[in-house]
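Across the two complexes that follow, chain A remains constant while its partner is chain B and subsequently chain C.
Let's look at the complex of A and B:
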């Protein structure tokens, strides 16, 4: 009888505890209060005194880079890609404008798509839209959490080459019509065909099939190919023009992801190398510099604790082993 | 009130909480981290936005429930480690408390990202470091392999988080050894099964291995990026290696459950749910809880530290009355089913 009573009391206690856990979890979800803290790699944008718009600006010398691993594009079909294993990213802010500098190794400079078999090198950054209520799907966002994508293309920066530079023996008799109507892609609103947009497209998306140009195109970008490496700098004012675009401010964090297209490998559209989201922190503080932070102290404490407790663990193990042999 | 002096007995009360945490984390892993990230690839999914959102909300609820259970489980684990009376277990308890404090401090902005990252790697390494004195060598070796994978992958992040440029280094080379250590951990888990697995266990493990291999070989792009997001592994080795690892891990978990070694099984499952490397304090918390529960469960298997021995008196009426007294050591929780 006592055993039965104990069993019932135990069951009641467990049910009560379970109910409390469910209610607290429901409350946290309702309130959107996440007790966990992100530990993903953080790209910190420190304030810069100099204008970092050029990829070779001296302002980038002290900006701390992060190396972000890239993989092939996921999908229901084999999109492929993945020929670029990592991308190096740095970020700064200057006069309420965000600058992101991306650098990756690419053996070939592919900046012409004049022939049908050619594809362009390109790079893109993805942010959650200002209206996103949760971290969006990295694959073009989702219905309740859109994404804002900035794509820089080498061919858009290089412009349309003369036909005779691609096909030296070609003969062009005449093409007198210069109105947009005769440039069908441009007339249809294809931003890639419009040289006035520049090297960077500012895009928004809420899921597959919804990728479209943003209403305002104020993202600037410049790329330089040197010594087998591309260096590209993106920039845009902090304030997002609408809720479908990313918005930044000093002292806040958001998510950022990267994608690279390697033209010589046939990368285009979904065929590319992509990263997962990492954290972008817009710091209000200046970069501490060597010895300026307390990172070295943290590392020393951690290493000393580790060595001490490892020694304790090994010591106790040896002691226990000897005790076991003598008993 | 009597102080429990044997680790095995001290942790018996953790099982319901650990079981709840494993279930909630498992649903969160399958629904939120896997399904919602994969379903967006289905053509025309927007037509099913209603059901999709219901499933996604359910996954988010599982996440919050898992966080709440983790917040309850970590102090309970630390308290029981302390109460077990074993010095090494007490050190492990202090390590768990230190992680709780660091994670809480990071959430409220008191502790910097570098502190919590270093504390996370340190906590997992420290738990593994006390392992040799706390658990048998097989369990200590398995926990050590996981801790090595976690630390190598975590150091890759830590090296890029330092604000002091002199502490930064090109850490990309750490990721492959981390992947190797993680695979050795999974492939080495059958060391924990200290008997010949039965046919049913082989069949279940074989099915898991074939399924994992088929998924890897069939759609390596999606599978590998899911593996990277969920567990911190790049999936850069041949598919057959991951199939074998999945089979070995499944074999071990099934065998541990059948042997009644539930805390060890729960611990392994939580390590799987947390993955290697630094993702969030939630996933690191799963790893810390998993390592703690695994070693706590394993402590009962250490010779000389088994649960309270029971004296069994067997009387055999023979020609001359005699009694044989045997001291039997029961299995940690229950006999194999």
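Let's look at the complex of A and C:
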């Protein structure tokens, strides 16, 4: 008799657990999150009708964010960083152009690198180069599998500082010449020194210390600092101009990683907060629930399914409870 | 981490890169005793290299008044403090371990700036001097340690100051080069000049942080760091003035006080200077031992050598130039005939002197220096260029020319 009671009690617990599982699963399904993929987070870029170029564009309202954990860069010189624990990423595509919107919390708005001790807030996206036959090392790629890095810098967006702006009382009698030749790095073709490149540098790398500008600079970006948060949107046409750069197309997947530099922490080079690679899925289908029409039906079906699953779960729980009482 | 030999500290040390092949090395001797801090060198450099927007606070050459002055302010005290904190009480020399070529000043028992760094977050112990530290390049000019109302006398002045002339040391083991995560800093094999590749620099300022002499400087208008280029077109001989022959830098040749001599010395794959007895720099540094490196204990093997000021307290000078100070001052106060002759080569020509010869002349007088009798001879030093051709000839006795009493009007 005791054995039977134990069996029934166990069955009751299992039924209750099953009910809880069904309720949670139904909720997660409806919310768009997928716990089965928590080890390999997927960022899905759905097509967008509106232009998502601005960080505050309404196109981003319906894009589902994923939270990507960041850690300090470790293990190799120059290590450090880690002051930004997480970054929120969304992606869309519009007219065969990929848009990635990144948002993170940073208490200080570091846009000026006018003084020697000033470092800029910045964020970067890393993709495997089109030529990479294997997944490259997340740490700046490797010789046979390069990476394509898009780096947005707050100081580049703010523009080249004028000494008279930084120090209004500075007296400079004259500059003999202000031709590009005398801005040595600019004359040498260094993108860091080139105001024409804009806020985003398109870079390639094949291991530490090899980071170099890509052959073409067509990545655009804009960042906005508001309420203690940076929001930055990157964009680039799907087609990568050469094999060193990433290439995208609708209905495919690639890898994507993120890095954030916190200027006021002295972050620069390897001293940064970095993520692991996550999956970027470029969806040919629109995000369910957006755009009205058929989507409203999808939503209704989803809601009814959720209610059905929940009802089933509750029913099973009640059944299990009664079974337990009667035995 | 590779081991390299640093003869200035008389021992092997850790460095990020192994020694390269044998090469020529940019080197100079500065005679602090003769400097009047006119800053002509400073302006010669400024008007040649750093006159553009963003370079306002940049002085690749500067002359600072020690002990209080510094550009950037307190640069040396700050590094010494960081090193002392990393190795409390251990930054000492073992002068019993001397070797004429491999350890002329003994062996440094402490840690270099490479050896106190963790090699993960930093390759080199250092700091970034904030902007304010660079704003007053000539702060504390002519400020003595105290007022000496009754006057001062050798060997050590009670109240003292001296001028320290500083450019990039084009170190044999540059800290800036070791610190750059992008390998944008490089050292040229042909002359050992250390340069920052302005195409590759991304303005991380790791070199500014690492250079113990603070001769890498940040330029906000290009977001990169720049440094003294050793006037490499002149050293290469591409300046039209010398018709293809190596020429000394702008700061050297502009020197009013004739305190500077610059050239190229031969360095072996082991980091030691290859014997070159008749090279005036080799002679002054390795034979006469009258000129010493600046803060050799940092470990970068700097290549500007200083004849220490003979009136300054020796403990201060030993901290700055190492344990060779007493011998160097003795060799300068009572120079040999050869040393006195070689000192005449300072600023005698713009072309780099690759070798010299001394022709002995007649005795011209006697002196009593510190109780020691010294004889004076009017010897002549002859300097030769890279092809072995005579380019300069100077006698120890400066010729005295009496002007006729009747001189043209309006002349001085």
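The definition used in the following text is that the second predicted complex is superposed on the first by the 245 of 327 C-alpha atoms of A that agree within 3 Å, B and C clash if a C-alpha of one lies under 4 Å from a C-alpha of the other, contacts with A are read in each partner's own complex, and residues count from 1 in each chain.
One rule holds in what follows: a contact is a pair of C-beta atoms (placed from the backbone, for glycine too) under 8 Å apart; a residue touches a chain by one contact, two chains touch by 3 or more.
None of the values given here were measured: they were computed from a predicted structure.
K.L.:
Once chain A of both complexes is superposed, is A:208 in touch with chain B (first), chain C (second), both, or neither?
P.N.:
both
K.L.:
For A:251 in the superposed arrangement: first (chain B), second (chain C), both or neither?
P.N.:
The answer is neither, since A:251 touches no partner chain.
K.L.:
Just checking: does A:115 make contact with chain B only, chain C only, both, or neither of them? Give me first, second, both or neither.
P.N.:
second
K.L.:
In the overlay, answer first, second, both or neither for which of chain B and chain C A:183 touches.
P.N.:
Once the two structures are laid over each other on A, A:183 reaches chain C alone.
K.L.:
Return first, second, both or neither, reflecting whether A:80 touches chain B, chain C, both chains, or no partner chain.
P.N.:
both
K.L.:
Who touches more of chain A, chain B or chain C?
P.N.:
B
K.L.:
Return first, second, both or neither, reflecting whether A:287 touches chain B, chain C, both chains, or no partner chain.
P.N.:
First partner only.
K.L.:
Under the stated touch criterion, which partner chain does A:139 make contact with: chain B (first), chain C (second), both, or neither?
P.N.:
first
K.L.:
Tell me which partner A:305 touches in the superposition: chain B (first), chain C (second), both or neither.
P.N.:
It touches chain B, and chain C stays clear.
K.L.:
So, A:168: does it touch chain B (first), chain C (second), both, or neither?
P.N.:
Neither: A:168 stays clear of chain B and chain C.
K.L.:
Of all the chain A residues, which ones make contact with chain B and with chain C?
P.N.:
Touching chain B and chain C on chain A: residues 75-76, 78-80, 208.
K.L.:
Mind listing the chain A positions that touch chain C in their complex?
P.N.:
Where chain A meets chain C, its residues are 75-80, 113-117, 155, 160-163, 166, 170, 172, 175-178, 182-190, 192-193, 208-209, 211-212, 268-271.
K.L.:
With touch defined as at the start, can you tell me which chain C residues reach chain A in the complex?
P.N.:
Per the touch definition, chain C meets chain A at residues 51-54, 56, 119-123, 128-131, 134, 181-183, 197-206, 208, 217-224, 226.
K.L.:
What part of chain B is in contact with chain A in the complex they form?
P.N.:
Residue positions touching the partner: 16, 20, 36-37, 40-43, 45-46, 49, 53, 57, 60-61, 64-65, 67-69, 71-72, 87-88, 91, 95, 103, 106-107, 113-122, 125-126, 129-134, 157, 160-168, 170-172, 175, 219, 221-222, 224-226, 228-229, 234, 278-285, 303-304.
K.L.:
State the interface residues of chain A toward chain B in the complex, per the touch definition above.
P.N.:
Per the touch definition, chain A meets chain B at residues 14, 18, 21-22, 24-26, 28-29, 34-42, 44, 62, 64, 66-67, 69, 71-76, 78-80, 82, 86, 134, 137-140, 142-144, 207-208, 274, 276, 287-293, 295-296, 298-299, 302, 305-306, 309-310, 312-317, 319-320, 323-324, 327.
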